[in-house]
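Next come two complexes, and both contain subunit A; in the first it sits with subunit B, in the second with subunit C.
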Partner chain A sequence: MTEKVKFKWNGKEIEADKGSNLLKAALDNGIEVAHYCYHAGLSVAGVCRMCMVEQDGVPRPFPACNASCGEGIVVRNDTPKIKSSIEATLSFHLLNHPLDCPVCDQAGECGLQDYYMKHGQYDSQMVDKKVHKDKVQDIGRNVMLDAERCILCSRCTRFTEEVTKTHELGILNRGDHAEITVNEKLKNNYAQNLVDICPVGALTSKDFRFKQRVWFLEEVQTTCIGCETGCSVKVSENKNGAFRVKPSYDHEVNGHWMCDDGRNIYKHVSGALRLFGAQENLNGLFVPVDEFKTHQLAKGKTLKFILSTGLTNQEYEKFFEKIKGKSAQVALYVLPNQGEDFDGLLTRGDKNPNLRGARKAFEDAGYDSSQNALDKLLSSVSSNDAIFVVVPEIIYNEDHFNTLISKVEKAGLKIALTHGETLSTLRAFDFLLPIPTFVEKNGDIINFQNKKRALRSGISYGETSKDVSYYAGWVNL
Partner chain B sequence: MILKSDLYREHGFLKGLYLGLKLTMITMLKNIFKQERMTLNYPEEKYFYSDRFKGKHVLTVKEDGTLRCTSCMLCSTYCPAQCIHIVAADDSDKEVEKAPVSFEIEMLRCVFCGFCEEACPVDAIRLTNEYEMSGHAEQEWVADHYELAFRKSLNNGKGIVSTVDDKDRLKLRL
Partner chain C sequence: MKDSANYKDYALLSYHHIPGVHNLEIFERAGGYETMKACFDKDPEAIKEEVKQSGLRGRGGAGFSTGVKWGFFTKDRSAIKYLLCNADESEPGTFKDRYLVEKNPHILIEGMIISAWALGTQKGYIYIRGEFYHQAMILEKAIKEAYANGYLGKNILGKGFDFDLYVHRGAGAYICGEETGMISSLEGKKGQPKLKPPFPAIKGYRGLPTMVNNVESLAAIPWIMKFGANAYKQWGTEKSPGTKLFSISGDVNKPGVIEVPLSTTLKEIIEVHCGGVRNGNKLKAVIPGGSSAPIFNAEDSLIVKMDYEDVAAKGSMLGSGAIIVLDETRNMGEVLKWTLEFYHHESCGQCTPCREGTGWMEKILKRKEIGVAKKSDIELLDKTAASMRGQTICALADAAAMPTQGMIKVFRNELEQYVTTVAKK
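Up next, the complex of A and B:
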């Protein structure tokens, strides 16, 4: 237990750990302090000089990010001296800034815009020519660099030095010619975090580039389903679709970061292949059909379900409740491991988002979730069966899933429960029935630490009112 | 009611009636013999509105003939009718960086408030004094950027050149 100290910031009493970062203590207590270079997940640089404070008994202002909390200190950042200091600092930051906000993707969530509206001078005192640097540089891993917009806060270089330890970025030259440079191309799997931590529009995402303005987007706080880690993420979306995934702070799981693979998990949510209702396979072409037809065809057949590991605990629970005491066979399809088991930061080889929850639900309901049970179910498939396969939302290894599809071919009625017509091999199925994706359902999943993490629903882009348990209700025909 | 009007109150009923009818008769006779009419024989005669009139939109072009719009989406953000739909994309020119691939205005939704014109940072969209926008119900009432920028009435299909060209913009950047 660390010692707690009390001090005053603008007259407000704050309690914090002794010796902890002064700026962090203020930010954690809901005080707005302008800052660019400080990031809670990185080391302190103290280069932006925006978080200046005055302390009683100290003659000069100093940056709060480089100071520590002490008992009884009295700190202010609302004095005229500090205000003029921030104003002057900001005008230095903006000296060579190209002001291309209309074409900049960061506009709307830009630190320069925000603080300029708050602390700005509104009149440029610059008379000389602005220094021009290289624009629109593709530095790899879906990151675009615009050296002109950079304010040299050095967050990105510290990220590649401290978090990924790959050292791709550096600051070259001196004075107003200093600029962020990449030695080759970015090569780490966490590169798009640079886009998030960049307080201005210098580093932007190529994937999100010019797709939407950020003020049109709403953020849904949910959990990543890319692997078993279960990072806490925010999905930005509006009625036109989902557009990007950003990490949100969760100190137990992912801290401030997430991997680049996880940034792609939104793509199937609002794509052109999304399912809006039941579809029937007519010689390889899927056409909309009334779900009632499927219902009728399934009558009198033995129903067999192959569940995926991407459902929520609540969905498993409801599913097993529906088929309780009825003669349905259920097995679990587990996605194969992909890549190394653990890359040392966040990504894990086990790509099943809720394997632990699924196993527990199978156990509680008295079903076998092992590979043997799946093999047994597949080997017993006959023409009198109606087989329901829940297609996993994200499939890294398509071949592995396609072998599963090839094994169910003997069934009389083959139905895929899927969010969309994502794989060409889905043509082996007779019907496609829609289920919601991860941003369209509320529920819990259990991550690699056996901890519950929540999925939250935002806007719906397809038929989402029917989940797996709805189709399980067809068993008692 | 009519007896309460100023004319009757001042002059009494009979004189008031006489004065009122006199004005009516004078105007009628004037119209019969002098043909002073307020209406126009539309469409043979057309009324000319001033340049400040808020009529059909125009997208301005740069000197090289490409669209001036940088697709910053400020107009579609401000638009109270939400009738402006822009799809942006990368431009091959690094200095331009972002340009629209599609710019559509739903003409029936538009309320011609002129907010888009005010929001635009680069003089890319203007409202003209073109007011003839009649058409058929089955017609698509979505104006795309070919119609908005290069219709016949605008400089014979060449488009109107914006006051802010990229060259000027780069000069402004010093």
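Up next, the complex of A and C:
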């Protein structure tokens, strides 16, 4: 148990761990403190000079990010002296900034804009020529660098040094000619975090830039389904679609970061091939069809379900409730491992987002979730069967999934429960029926630590009212 | 060098008149290394106390008491720690350490060995400015001689004390003269100062306790240990005891390095030691402590006493003791422009106020070049300088802001005229 101390920040009493970071304690307690270089997930640089404070009994102002919480200390950053120094420092930050907010993707979530509203000087005294630096630099891994917008807070260089330990970035030159440079292209699988931690528009995502203004986006707090780690993430979306995935702080699972693979999990949600209703395969061409037709064809057939590991606990539960006491066969398709088991940071080789939840639901309902059960189901496929395959939302290994599909070919009626027409292999199915994607349903999944993490629904981009349990209701009609 | 009738031997330059004293043999014949040998019989704590009693103040520029600084250092003799000699003398106008080391490298080595014994450091580095190639070679040779005589290395003089000394050449960055910047550079990183706290005495080179002292401070140690703290205090004032090297440049008849007791008047230094202002010109201004010290007008220059308190009382600082004399022919705008160009070039670029401020100040002063200069630019310059002070990790921002503000205070009219006058082509 760490010792707690109480101190005062601008007169407000704050309780924090003894010796913990003073700036973090203030931020955690809802106090707004301007800062650029400090990031809770990185070492302290103390270079932006925005979080300066005065402390009773200390002769000179100092940055709060390099101080620690002590019992009874009295700290202020609202004195006239500090206020004017923050103003001056902000004007130094903006001195050589290109002020290209109208074309900058950071606009709306930019540290410079935010603090300017509060600490800006408004009257420009700058008539001099600005320092010019390289603007459109592709530094690899979907990251674009605009050195002119950079305020040299060094968060990105510290990230590549301390978190990924890949050391691709550095600061070249001195004084106002200093700029971020890559000694080689970014090569780590966490590069998109650089875009998140950049407090200004210097590092932007190639995937996101010029697509949306951030003030038109809403964030859905959910969980990444890219692998079994289950990082907490925010998906930014609006009625035009989902646009990006960002990590959200979760100290138990992912801390501040997420991997680049996880950044792509939004793409199928509002993709061009999303399903809005049932579709029938007419010689390789999918055309909308009334769901009733599928329903009629399934009548009288033996129903077999192959579930994916990407459903929520609640979906499994409802599904098994629906088929309780009825004669349906159920098996679980588990995604194969992909890449190394664990990359040391977040990404795991096991790509099943809710394998633990699925296994438990199968067990609770008295079904076998093992590979044996799947093999048994597949070997018994006959023309009198209607087989429902829940297509995993993200398939890393298509060949493995193709093998599965090749084994269900003998079935009389082959139905894919899917969010959309995604793979060429889906042409093997007779019908496609829609189910919601991970940002269109509420529920829980269980990650690799056996921790429950929530999926939350935002805007719907397809038919989302029907889930797996709805189709389970077709059994034994 | 004994060409001045007024020249006296004091402490630091007392060997300098001996030809070939850079050779260990001649240095020893003149009494060198005797103090070191005597010191090995003394208690390290007693040496520290003696240095503290002498009131020696750090000669690098800040003027912090060397003895007190040593007091912050860990007393655990077995802990790995370093002694770092700051020979990165880069302040414009300063060339005292260069002169000291060039003529008499052994006095520094002797001082470092005594300091190492007192502090219990096992390794020492002399971080020397990159441009001082010749001096670095002299030091290398002197260190080799000291190793050969058993004054450095393992088990020095059979006392069971190990001390290795290395010369490390910088690459010419002013900021590497700042102690934490120097440590970064020595670690092989970009020369950028580190956040304090922790201070180097607690966590320095490679995260281990490191004592950083200026060449002149370390070179004064043998004399203090030989003659005692009280003898050292015979010179100077209570708060600024001892002698100091001054490097005088600019418009005097005889520029150079002199050693005089602290509290010697600037008038005496200029008129007696340096033979007066060149060509009989009128004195216009003096920068008393290197380019980062605020300037004195002629009036103040003639009454100021060169010690830490009196220079500070008159609004400047003694700094490294680099006296730059300017006569009536000098344009203060040019002086300021040169100063600002220097600090713009040397800012490490880490802290925003300094990175952007140094560049902007230069641009403001040069606005006439793009045809947008106004008289009020001087006001803006003053305000910009003021907002840089005390805002950064190291003192470089202050070093650029102080002379700017000082210059505006003393020569505002001349500067206003300077910025608005466009030179005819």
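Operating definition for what follows: the second predicted complex is superposed on the first by the 476 of 477 C-alpha atoms of A that agree within 3 Å, B and C clash if a C-alpha of one lies under 4 Å from a C-alpha of the other, contacts with A are read in each partner's own complex, and residues count from 1 in each chain.
One rule holds in what follows: a contact is a pair of C-beta atoms (placed from the backbone, for glycine too) under 8 Å apart; a residue touches a chain by one contact, two chains touch by 3 or more.
Bear in mind that the values here come from a model prediction, so they are computed numbers and not experimental data.
In the superposed model, A:F210 lies in contact with subunit B only, and not with subunit C. By the touch criterion defined above, A:N173 reaches subunit C but does not reach subunit B. Using the contact criterion defined above for the overlaid structures, shared-chain residue A:L152 touches subunit C, although it does not reach subunit B. In the superposition on chain A, contact is made by A:K129 with both subunit B and subunit C. By the document's definition of touching, neither partner reaches A:V334: not subunit B, not subunit C. In the superposition on chain A, contact of A:L378 is made with neither subunit B nor subunit C.
Using the contact criterion defined above for the overlaid structures, shared-chain residue A:H93 touches subunit C, although it does not reach subunit B.
Subunit A is touched at more residues by one of its partners, and among subunit B and subunit C that partner is C. When the two complexes are overlaid on their common chain A, residue A:L23 makes contact with neither subunit B nor subunit C.
Of the residues of subunit A, those at positions 126, 128-129 touch subunit B in one of the two structures and subunit C in the other. Within the complex formed with subunit B, the residues of subunit A that make contact are 98-103, 107, 126, 128-130, 135-136, 209-211, 213, 215-216. Residues 70-74, 77, 88-90, 94-98, 121-122, 173-174 of subunit B touch subunit A in their complex.
Note for the complex: subunit C touches subunit A at residues 173, 175, 190, 195, 197, 344-353, 355-360, 363-364, 367, 370, 372, 380, 387-388, 390-393. Across the complex, subunit A meets subunit C through its residues 44-49, 52, 60-61, 63, 66, 84-85, 88-89, 91-93, 95-96, 125-129, 131, 151-152, 154, 170-171, 173-178.
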